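One chain, chain A, links the two complexes that follow: it is found with chain B in the first and with chain C in the second.
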Partner chain A sequence: MSLSTFAVIGKDNSPLYLKEFPKESEVSKTETSQDTTDNQSDPFGFFEVKNEINKTMSLKNKFLIHSALDRFEEIEESTEKQQSGANKMWIGLLGSFDEKKVYGYVTSTRIKFFASMDDVEDGNEQFVREAALKALFANVHEFYIQHMLNPFSDVRNEKKIVSERFDLGIHDLIKSFNENFGKQDNMSWM
Partner chain B sequence: MSKSTSILDRPILKPRTDQVSMSAYGYLYSELVQYHQTRASSISELEERLASSGYGVGFKILELLSYRNKDNRRETRIMSILQFISSSVWKSLFGRAADSLEKSIEHTDEYMIFDYNPITSNFVSVNKAVSDAYISGIIGGVLEGAGFTARVSAHSVDIEEGEMKNGLIGMPSRKDKAVFLIKFSEKVLERDAKLDR
Partner chain C sequence: MSKSGSITAAGQNLWAKVPKANSELFALTYGSLITELIRDYDQNIPEINNQLDRIGYSIGVRCIDELFAKSEVNGVQIPSCRELRETAEVVAKIGFRMFLGVSCDVGKLTEKSFSLYLSENPLSIFVELPQNEVGVDGSSSHGPDWTQLKYSNVYCGVIRGALEQVNLKVECEFVGDMLQGDDVNEIKVEVKEVIADGAGEDYQEE
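Now for the complex of A and B:
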């Protein structure tokens, strides 16, 4: 199923980028508290956030990321084994919460990426998704490096990432991931 | 629109070993130094400003080189991060490795990186160490990004007789070499000692 939450956490565990990607059917149910203000008090769109960057994440998903971070720290302390070069960054499944599975990836400078996906029963599809997720994380890593090379970005103080280029890039990546692996009744891979 | 790809579009994973002309670098760096010089009220303040400019560079070069290096090792020991700086960082910035890396005998928390001809002070005649503060900022940024708190300062030391001097071809050989003194904090040394066991 689809990827619903994505987070980039800095090396001091500060949140750099938190984003959720609600499924089409859930948009009508207001998931975030932000949405309720849109329709009722704001008919002309003066207070509505035009671009997606400033929408904050719902508390439920923040809690999800916190739990994944805790689990990640447990794993980090315990495993001393070094996997092969390219796989070192991939952590894999961090846990399942509420029918969502959270996967993690850490760079050598301890920047962490977490993504939560809806659960799916079929075991084979799980592997296919994980492989695609690895590729997704590698692309996000590249986006992060590109954002960081911007001389105007403030990476030392671990501020939130507000770059629109980064945001749009991640958005496109995840959208194409969801289109390829999203709806289970889609026969596109056959 | 020109057909050649701009430098911003090239993938960062595969670096081309293109070189930047010395004059382009010279203009840019001289402008940077002049900018800070007009705003600083003393020499030490100028050094601090240059060092803080270099800090950002160091931080980012650490991320970039860790990404390009597929091995993805995170250096946790003092010696390995210093070797990373004196070889990988130096090579990617200046095209050559640093000339030597030494541990100070008198003080256990001090290490020194030597460079016979850092490009920041290549054209400076007096007070070369001030201009090298930019490089000490870069080193400091890399160390801070990797998790080692340290103070880095640049000095110039006279070259003794008989030492090899690799100056640029056509330039008069320098009589002194630049040394970057790296002083680690107590906690970092304790941590490193614990990892030994």
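Now for the complex of A and C:
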């Protein structure tokens, strides 16, 4: 039920920012060589990965993003839905791959955000999540704009985003999203 | 003190009457100036700081006339300064307020120096300084040393230029920079000498 992968793709489909948020159970399978001694006590089931910008994403997740991108291009060509305001940028469910659902969002300058989430059975839960995800994407868009306005950021050549401010911001956003919509059985509501 | 109260009020009055510009446009223009300077001077950071100071100087010599002219026209009284404290207050409360719209505090006042504290800097609202690049073998950095960059050094030049036109030769330096991680932007202004009035050597009568 948590958001496990997040990607920002540029307008010519170059990867600008790739980040994964592995859960506790997946830690042993990921490539991280982190010290796993204290993740047993992590109450939210969300392992505190050492925050490195653009640490190489696992191949499996990269494949996920590629598939989502293909599906996104299909949707883009076929539909001409012109909704207004914030809904215009929201693409919605791109597809289900391997028990994960991928959602997309595209800005007016064709910068795409993809987020992959674990599947959830309850239909109602899904709508609530999607609404929260829309808000999340809007916030990510804000961070992206902030990054663009920084005179020192290199946005001309579609280089990777190395701004720490952006990275920390996204990390916190997704972390709080996961805490609100993460595993229900381990939640301790404040 | 009523004196400093009236200075603050004067500053706010003037700010209300001057034409305004879009702050984002201003910040972005300054940002592109900085990146252009970085390209032109081959990422030589100390040289860039000097250039910013010189640019500020040119702006400052013009700003001071603007300040006095606008205040005359709008009927705002700027008291003549008899001591450094009053000069500092005018610079902080009227000068900065009128041109940038931000209020600035004066501190560390001694006979020959004072510090200006800026809690918000309209030039750097979007800026995040890049990290220093570390060499592949972990040795000293290859790229420019960003910790040396005084992003808003133009302010130092402006203060220097403006005060020189009223016969106060000062040296200004940025000692605290919020972009570099300090709590507040601090500009230290030190008076070197009070220039004597009068025409230059060429015009002295025999």
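Everything below uses one rule, namely that the second predicted complex is superposed on the first by the 160 of 190 C-alpha atoms of A that agree within 3 Å, B and C clash if a C-alpha of one lies under 4 Å from a C-alpha of the other, contacts with A are read in each partner's own complex, and residues count from 1 in each chain.
Basically, contacts are C-beta pairs under 8 Å (C-beta built on N, C-alpha and C of every residue); 3 or more make two chains touch, one makes a residue touch a chain.
Since we're looking at a predicted model, the values are computed, not measured.
Undergrad: Tell me the contact category for A:F152 with respect to chain B and chain C: first, second, both or neither.
TA: second
Undergrad: Once the structures are superposed on A, label A:S163 by its partner contacts, choosing first (chain B), second (chain C), both or neither.
TA: Touch status of A:S163: second partner only.
Undergrad: For chain A, which side has the bigger count of touched residues, chain B or chain C?
TA: Looking at chain B versus chain C, the one contacting more residues of chain A is B.
Undergrad: Considering only the touch criterion stated at the top, classify A:E142 as touching first (chain B), second (chain C), both, or neither.
TA: Touch status of A:E142: first partner only.
Undergrad: Need the overlap of the two footprints on chain A, from chain B and from chain C, as residue ranges.
TA: 146, 149, 151
Undergrad: Flag every residue of chain B that touches chain A in the complex, lowest number first.
TA: 12-13, 55-56, 59-60, 62-64, 66-67, 70-74, 141, 144-147
Undergrad: Can you list the residues on chain A that touch chain B in the complex?
TA: Against chain B, the touching part of chain A is residues 11, 85-86, 88-89, 107-110, 141-142, 145-146, 148-149, 151, 155-156.
Undergrad: Taking the touch rule as given, give the residues of chain C at its contact with chain A in the complex, in rising order.
TA: 24, 28, 31-32, 34-35, 126-131
Undergrad: Show me the residue ranges of chain A that touch chain C in the complex, using the header's touch definition.
TA: 146, 149-153, 162-165
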